[in-house]
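Handing you a structure now.
Read from first to last, the chains carry the letters A, B, C and D; within each, the first residue is number 1.
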Amino acid sequence: MKVVLLSGAIVGARTRSTLREAQKVLTERYPDVSSEWLDLAQYDVQFSDGRTYWDYEFTSDTRHVAKTVLEADALIVASPIYQASMPAPLKNVFDLLPRRALRDTVASLLINAGSARHYLVPEQQFKPVLGYLGAQIVQHYVYVEDQDFDDEAHIVNPNVLLRIRRLVEDTVALANLYRNMRDETPVWYEAGHDPAELEDNP
Amino acid sequence: MKVVLLSGAIVGARTRSTLREAQKVLTERYPDVSSEWLDLAQYDVQFSDGRTYWDYEFTSDTRHVAKTVLEADALIVASPIYQASMPAPLKNVFDLLPRRALRDTVASLLINAGSARHYLVPEQQFKPVLGYLGAQIVQHYVYVEDQDFDDEAHIVNPNVLLRIRRLVEDTVALANLYRNMRDETPVWYEAGHDPAELEDNP
Amino acid sequence: MKVVLLSGAIVGARTRSTLREAQKVLTERYPDVSSEWLDLAQYDVQFSDGRTYWDYEFTSDTRHVAKTVLEADALIVASPIYQASMPAPLKNVFDLLPRRALRDTVASLLINAGSARHYLVPEQQFKPVLGYLGAQIVQHYVYVEDQDFDDEAHIVNPNVLLRIRRLVEDTVALANLYRNMRDETPVWYEAGHDPAELEDNP
Amino acid sequence: MKVVLLSGAIVGARTRSTLREAQKVLTERYPDVSSEWLDLAQYDVQFSDGRTYWDYEFTSDTRHVAKTVLEADALIVASPIYQASMPAPLKNVFDLLPRRALRDTVASLLINAGSARHYLVPEQQFKPVLGYLGAQIVQHYVYVEDQDFDDEAHIVNPNVLLRIRRLVEDTVALANLYRNMRDETPVWYEAGHDPAELEDNP
């Protein structure tokens, strides 16, 4: 199983800091799970112009980032909230993916924000995008507020750390479940049925 | 495991018809899973007045319906869409439940509607309510349009039937997963930590 | 112009209290505007069973409530949040209305809640329902938290009182605008065009 | 009054085509209203890195685009739907704006999409972003589907053309209303009250 840790901010330290905590839990508790760190601040990704990622230059950051996300078994997304919604650099990664790209992917959310009033943004703005791409979403996201960090962007609220731990556990457990379900896919899914026909998503 | 089949319409035949299909799959494929049929058209439920369900009269329909939903391991909700949102009788059942009532429940959605244009109502209006109650939601819902029924409210679109089959399978698989996860809950969840503190939900 | 003040709670004092403040501003600043107080706690409304309100008994509360809402030029809705969404008694009033019932109505929202984390519920759960019914919605809603009330449910936060004042002013101004726009409706809207064809709503 | 016509697609012809229709109505019916055409396909805008637009280079496209949007009295946004949400290049323009940047702006939406099933995306994904920025949103958006265009991206559905006409009329009428309301702002808004305190938005 491969877990991709995707940091959706191109500036600031808090988003990366929450994701580092998830990474720590992942490597400690699941040493046999491989993981890949994907921080958008370190890449020069182009705006999606309608091409799918494989039409971008072979060595380009755009192709690398989209391909890495696409190949994940599980995707832990860390992101701030911009203007009550997903930041453009993160949305752009999803725009680069082909239809139903995350159909076999489990996705979970680690969101940091300045105000308690945006608590429902992951529910109403992030989840519908991941769901449209076909991801299996871990229900409970972790929402981290400014007061949960110290001045150096370290998380100082122990309950947040426990919630991150549980998020990672749920992500891995769900990824295992869906891998097993795929392996047991009954024959009638394959025989004479275009899987796309069975999709209830436009 | 106990699966509750909840029909959220108090009039009309289509909602009940889609739920009957789910029941058929459930009893055929999972003969050892117990199920309970809960059709709101057959009960006289009172509007929630702030009391929790156990404060309602012992023999009342209100108490029976809320208690049945609360005790489900898995909840398959069939519902029409009224005014681009959840019908009041169904919303009322959820209003009767205590905080985090569905924390140990897997929930899935079977939605029928007259127009393709309301396809996102389950995503944006139903899921956030179930999620707030703590339910683990099956990602892919089944959306059935008028043209998928014949004049007697039978489903005539074979792909819809396959999607219902898959919905039931995913519901049971996810309920099994979460039961196993609860059984394996690590000690640190219990030791010295009020589980409510670990909740990231208001 | 007729403004209906609709209180969507059947228990509790806070929702009614915020609406009383709106009523006070309305009668003081706009003595020529008629208003009607409609508190759901005072009526015995039946669940919508698919009949339109005029098919309910002539003297029934159900018919009275739905008819009053339908005939409003402006509707100020006060409501608590139940389970991260609209309370069933309020949703039920909207379920009773015919298609596009609020097409000529301006609607505004006064929401009280226990947690800052539900600040986006009016935006994501209430507005889409009012919008589907065709209402012209006043953009800025007023969100009142527990700490804004004293023990007797009086609002003690002066900024909340100013926001309510502005909400009433915006509601009346917008209602005047739309009345004027209807009076100036160009001829081509009427000549040979079924207005329903021009609707971009299912 | 200045109306900015903002095209949110960087590829494709349909979005631009619907906006051209709006421009046509605007110049014909309101010759005294000045308008500015802002097509994101023609600019090289950088991802928001947390700086406000005025910190970008004076001659940069990034600064020009954000500044033009900020100075609009009314904003007509044309956009496709990507992955059930706002395209990243359009979201990025909003990310570049300071807090409450559209407080004095009327905004309306012209959305094109391939599927009827995404009809609620403008309601649930676009409006909350514009609303957070403080815009006064024209309630009825225009939703254009593939079948409404011919092969050269011209709109061939006359009802869509009428709806665009009405959208432009509503946009201008609402912009006039809010300009008048600002001119009549009562003294108590200014005296001793920081307007920000009166905001009910985080």
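Please note the rule applied: a residue touches a chain if its C-beta (ideal position, glycine included) is under 8 Å from a C-beta of that chain, and two chains touch if they have at least 3 such contacts.
Note that the structure is predicted; figures quoted are calculated from it, not measured.
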| item | value |
| --- | --- |
| Set of chains adjacent to chain C and to chain D | A, B |
| Selected pair, greater C-beta contact count between A-D and A-B | A-D |
| Where chain A and chain C are represented by their mean Cα positions, the distance between them in whole Å | 38 |
| Centre-to-centre distance between chain D and chain A (centres being mean Cα positions), rounded to whole Å | 29 |
| Shared-contact residues (touching 2 or more other chains) in chain C | 84, 115-120, 124, 128, 131, 201-202 |
| Residue numbers on chain A that touch chain B, as the complex places them | 119-120, 123-124, 127-128, 131, 135-137, 139-143, 159, 162-163, 166, 170, 173-174, 177, 181, 188, 193, 197-198, 200-202 |
| Sites on chain C touched by chain B in the complex | 10-12, 47-50, 82-89, 91-92, 94-95, 97, 114-118, 124-125, 128-129, 131-133, 201-202 |
| Complex contact set, residues of chain B against chain D | 84, 115-121, 124 |
